[in-house]
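Heads up, the next two complexes both have chain A, just with different partners, chain B and then chain C.
Moving on, here comes the complex of A and B:
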């Protein structure tokens, strides 16, 4: 069953040119499901990187302008789009030239999947 | 935690007449003040005061810790590698369980990009003629010019009394 979900995520990943990886983690950056392409940078998919977003979103929520929803980072060769979808975190790793708007739109596409995965985190 | 207001009665009266954010809602009884040797502020027993101060202190500390923006706190969130592996395995098992239970995973299918309901029809259709493109361009230019030339002349009052007899 997880394989079917991964196949779906891979298909979804293929709809955005330059998107290399999708990871869904819990608040601590523990991977629940992850799909990667050949070009995905390994360091961006390791726990030290994935866990930082949860903390940063939490800290950024203290700025007095509401809760932090997304953090987008542009690096010299890659971009990362990270979405705070309580209690889950979504991580999209893409090429620097990938269409960021299309990546952000994937959150809506993933709504059904996220509902299912929410249950998994709720059971812990 | 003392109170900043003075025990001088004249000042208290002034405060009552002009209340501000420092005006206390409760004033100590004059008799109690004399017993405490003219000490200002609300009077509590020594033990209660210490307890209240402690709890207030703890509350302020906790609130401050929550409010402080501390980007170095990532260190404290790091989990042991082993724990992380265990949790990831648990997630994997439970995800399988949840997906099997719901049976929904089969219907997961990427949607077509919004705005293109039938891309095969659009792509297979013959391209539109140059004259049509020119027509669209000229009409849209005319429309844009017309929209720019619209001037609003107001005739009636912009403020309307509503529900006032």
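Moving on, here comes the complex of A and C:
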């Protein structure tokens, strides 16, 4: 199943120009599945980076405007799009010029996959 | 701040046959929408305009993309920092 999932994620990754990596983690940033391209920045795929989003989303949810859904960060060379899909977190790492809107649309494409992973995570 | 854009969008939607209008920035993020324009399509609209611009003469004006379907027509035009999509009923 993991291999099939990785193949699917790689296919999705290819649909957005400049998208370098997709990672699905639990809320602590533990990687469940991840696919990377050659240009993916290594630090953005390590636990210290991935685990921060869970905390950020939690803090951002305290602003009094509802729970935090997505955080988009633009850096000098890369952008990260992180989606809170409780209890899973979705991380997209892309080139700074990549189409952010298209990356956000991938969230809908991944809805079924996330539902399946949710079931597995729920059993643990 | 976005009052001018809102006014322009409001003006566009009042043209006959127009059902929705959408403005997207170069990152594919929505700047404004009126009518029945699907907000989910923001990224695709920006990407389509970008791809079409590559096919056209780089020194000439950017092309207007016209997508026709059974339910209506979508006209997409990219300018310097903005892509606009008009949704028309057929």
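The working rule: the second predicted complex is superposed on the first by the 124 of 124 C-alpha atoms of A that agree within 3 Å, B and C clash if a C-alpha of one lies under 4 Å from a C-alpha of the other, contacts with A are read in each partner's own complex, and residues count from 1 in each chain.
Following the convention adopted for this analysis, a residue touches a chain if its C-beta (ideal position, glycine included) is under 8 Å from a C-beta of that chain, and two chains touch if they have at least 3 such contacts.
Remember, it's a predicted structure, so these values are computed and weren't measured experimentally.
J.: Touch test for A:51: chain B only (first), chain C only (second), both, or neither?
T.: It touches chain B, and chain C stays clear.
J.: Scan A:28 for contacts with chain B and chain C and give back first, second, both or neither.
T.: The first partner, chain B, only.
J.: When the two structures are overlaid on chain A, which partner does A:103 contact: first (chain B), second (chain C), both, or neither?
T.: So A:103 only meets chain C here.
J.: Using the touch criterion from the header, give the chain among chain B and chain C with more contacted residues in chain A.
T.: Per-residue touch count on chain A favours B.
J.: What is the contact status of A:116 with respect to chain B (first) and chain C (second): first, second, both, or neither?
T.: In the superposed model, A:116 contacts chain B only, not chain C.
J.: Could you pull out which chain A residues touch chain C in their complex?
T.: 17, 99-105, 108
J.: Give every residue of chain C touching chain A within the complex, in rising order.
T.: Per the touch definition, chain C meets chain A at residues 24, 27-30, 40, 42-47, 50.
J.: Using the touch definition up top, name the residues of chain A that touch chain B in the complex.
T.: Residues 1-2, 4-5, 8, 11-12, 14-15, 26, 28, 30-33, 47-48, 51-52, 54-56, 59, 62-63, 109, 112-113, 116-117, 119-121, 123-124.
J.: For chain B, which residues are in contact with chain A within the complex?
T.: Touching chain A: residues 66-71, 73-74, 77-79, 84, 87-88, 90-92, 94-96, 98-100, 102, 104-106, 108-111, 113 of chain B.
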